[in-house]
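One structure coming up, written as structure tokens, with questions to follow.
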């Protein structure tokens, strides 16, 4: 009932601005971001020369979660080092998020 | 040349490389790196602007034309050579062109310190050349990639990229503080020079220690790039330096000024260009452009290049 | 069996001290905190003037999770920009957490 | 006035606003902002304490009384006017009262730099006035809100809030280092002045660049506040400045000292007050108090206000 | 189908290097790390003297998750202040992770 | 002694303790702490290296032998006494031995400032003693623990730990910059001294403020350690100081130099040792070693110890 999706996006730090704007435009009521470093198929990202990552978390309904994922997939996934995943979480009142 | 190698700046860079090869846990916090970058860009801009306020338009016009010419042409042949001789893909060749066409504020500062160390004078307005030369080559390289390559989706227009680059951290601070330096005159400059002038070489030493730490890690990528990358990373700066010194000579710069223009041409960007390439040319492989710029060309320039270019300039000016 | 709740609280950074103290008093055996920025119904929180957020994560039993949530709801939720949510996680040995 | 606008400090603030309007990616790391704040508070406190050690009790007593009077009365009428004329809710009116009653260390520093630039002398103990004026107004404003408004739950007592504010970063550093400055005397001061005195204006320039970045973003909130907020944000400082200069004159301060007391009265806090309001008055809307303090009153004071108040003081002292 | 495990490890910051290396050796295709502070049975870890923590997150198959946990348990768990937990997440394409 | 207490450095440390007892929200960002550490280590190393370049081998040899002897022997008896008299477990006793055998760069700097304040000269190469004394004791203490205790699993070899310690941040910077200081000579030193020499005491003041914040929090742990820990934390430094001054005297150091060697022996590490113990002796309880080093010995040394050791040295040298 109070179950929504927590969608996590990890991407190149310079994409933080556009992605945050776009997920709000696609229906997210908010997001939480933090600076992270990491390693993946595109190599190490843990210094300012190679670049570092941003982790963007947003709690959204399942349908908005899918909309956002579709958008990311067409616009960014092919080109940028980036991952996204989601899982259900229980929130106190859904009104703040939907 | 020994003077150059035995400067605290160069030795700090070497210590950084050693630390990184020893897998030291020495690490600069991200925000220290960012703060040092902000400091260096402001300090270079302010002093350049203040010195520019002491120069006449006639003095500056021709050298500026030479500088613009250099940074517009270098990416063209760098791209072509990387494609043909280096067999690099379009995005990789374009990224390398962006890096070699643009300039390195830190290499520039090392060149200033070298000249001050030897007591060789140079035109005070050289930092405004640095400010002018940072962006054009990156734009040209990205445009080259766009013309030769269609990426899957949603690309920003060149105009949008130009706007972003001009508003980007490094050009905004450089250009902004050149203008501020121009405006505030001697009184203003003296208010802030205890922070932005006197400790400058010390801050540069710190920055180079950090640069060495990253360059040391990139050394392991050298083999991925291969001998070709090493050869390019040494030949390009030498050629560009000679060209820059020659153009600087033609433009009426002094021996010191022409050498510094040569160093600008020879230097490869590693603040503005990598960030721009990560966003606009994500298909390019950082192993190539970072290794070339940071682990080959940068150390070559500050250790061997600058004294070498100076010798060459002495030769050309006589 | 080894399933506990991972409760996440995102709140004004200045509340970190009190909230951390209170969740320990209410039975949490530990917590993990990190500095984050974000946006929600109360606006942007990504600079030192508007304030930034703290993310507090604590692994607790389901009943302590509810106790903490009740406490937060009465003391903070109405007044402060803040969210909380939880989901089950598997831990290696529950003894460290309960 | 041109001298004030063309200082590196003011120009850096304007550059910050421009960068933010151009959506530049220039961003100060959080920890740099925090470090600059710590530096400024310590530097102001230390120098003020050292200078206070050179003054007699008689010199300081009356100006201190004037300063306390100012910061206790300003929140009272600010609150009343904001409620009545501005139709602001209780928490919003109280938050605005807290900001305008408290003081801005950076505006204060800009006023010092302005006077030093013009070679106008002022009492060296003025930073201790700054230290005294920071907290009382915030406490009074929060108490006003408590008397007029019952929040849902779990509020801290005023006493607890007072304790928190006094132990809060900015008053602790200011008061603590005023005392340290008092205690260490000339020898001690000279040990640390190469860090805390000489580069001060340079650090202030950095801080104002960052302040401009945030102020620029707040400009978009101006319309939310409406014309009324803009009018308040300009009228209040002018009135408070006149009152401050007049009281300073009565208390026997010099022309420079009285002007600086006026600037303190005119300035709106944006380090201590926003943090206190976020915790104690969370119902207040930051769009109002931050926009007023940071995007209206602060730039008004450093660009137009300080030279204006100086003119007014010259007029009053003759 | 696209469900994998998100394994989270919270440990002494100085162990970041070895642990990241080891989980890659044990089969993880990538990881994401961030600096956190915290408190647990071994006390407070929120300053450079007491030390602070690193949070390492890695998305892996369930079997690699177990392999990593076994490794951590033998090598580190007894001696170091440290926790680990996991839960399932949905990813877009599993190929990037397995 | 009052001169020592009334220095800005010591007062800042006391302010930090007070702030922490008042539960102030004053907090240094992590990266500021790390940056200050990097700065101090580089500054100490560089100046020490530069001064070492002015000394002859004969001058340095005996003092160096004394320094090495001190830091190899101190952990032996510290470990034994902690085990026997203190009833501490093997890892706890070893961790305490590591801390007391190693040295504190900040206590060392406070001793330099104390001597400069009183105008007492000392050998310029003392920082190289600091660099030599940092690592050996930590290694010896860890080896002692290994010989007396079998931990459950997967321990690194002593050789591996030695490598890690030598490549560790603090010894790498200290040793690296001693060498750089040696190599660059006067010209190089003058290029960077505006950053690494002049503001040094100011930076030390900042660092001590932060150290006070943490020490203040550790005060609550004092009772856990008990009276015994307090007694140890005061007696050990006094004994080690006397021993150090005596050995320094024998080795031909001046009054100032011998006192500083005494301070090095008396000081307990809290940069390198805690980090090493967290990794290599995780079974040791930080409440003991941090409280002893940071909340007892460190304040004792900088407030009471240094002036006391100076008196003792004066007595011994006459």
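First chain written, first letter: the chains are A, B, C, D, E and F, and each begins at residue 1.
Assume a residue touches a chain if its C-beta (ideal position, glycine included) is under 8 Å from a C-beta of that chain, and two chains touch if they have at least 3 such contacts.
Note that the coordinates shown come from a computational prediction; the quantities given were computed from them, not determined experimentally.
**Student:** Trace the shortest sequence of touching chains from subunit A to subunit B and report its length in steps.
**Tutor:** Tracing touching chains, the least step count from subunit A to subunit B comes to 1.
**Student:** Using the touch definition from the top, what's the fewest steps needed to get from subunit C to subunit E?
**Tutor:** 1
**Student:** With centres defined as the mean of C-alpha atoms, identify the chain lying farthest from subunit F.
**Tutor:** A
**Student:** What's the chain with its C-alpha centre farthest out from subunit E?
**Tutor:** Here the answer is chain D, farthest from subunit E.
**Student:** Quick one: subunit A and subunit D, Cα centre-to-centre, how many Å?
**Tutor:** 39
**Student:** Taking the mean of the C-alpha atoms as each chain's centre, how many Å separate subunit B from subunit C?
**Tutor:** Chain centres of subunit B and subunit C, defined by C-alpha means, are spaced 46 Å apart.
**Student:** I'd like the Å distance between the centres of subunit A and subunit E, where a centre is the mean of that chain's Cα atoms.
**Tutor:** 20
**Student:** Where in subunit C do residues touch at least two different other chains?
**Tutor:** Answer for subunit C, listing residues that touch two or more other chains: 14, 34-35, 87.
**Student:** Among all residues of subunit D, which ones touch two or more of the remaining chains?
**Tutor:** Answer for subunit D, listing residues that touch two or more other chains: 25, 29-31, 34-35, 199.
**Student:** What does subunit F use to touch subunit B in their complex?
**Tutor:** Going by the criterion above, the answer is residues 29-31, 34-35, 38, 42, 46, 163-164, 166-169, 172-173, 176-177, 180, 183-185, 187-189, 191-196, 199.
**Student:** Could you pull out which subunit A residues touch subunit E in their complex?
**Tutor:** Subunit A reaches subunit E through residues 8, 10, 34-41, 46, 53, 55, 69, 73, 77, 83-87.
**Student:** So in the complex, the part of subunit A that touches subunit B is made up of which residues?
**Tutor:** 12, 14-15, 35, 43, 47-52, 74-76, 78-81
**Student:** Spell out the residues on subunit C that touch subunit E in their complex, using ranges where they run on.
**Tutor:** That would be residues 4, 6, 20, 24, 29-34, 59, 87-92, 96-97 of subunit C.
**Student:** Give every residue of subunit D touching subunit C within the complex, in rising order.
**Tutor:** 30, 33-34, 37, 151-154, 214, 270, 274-275, 278-279, 282-283, 286-287, 290, 294
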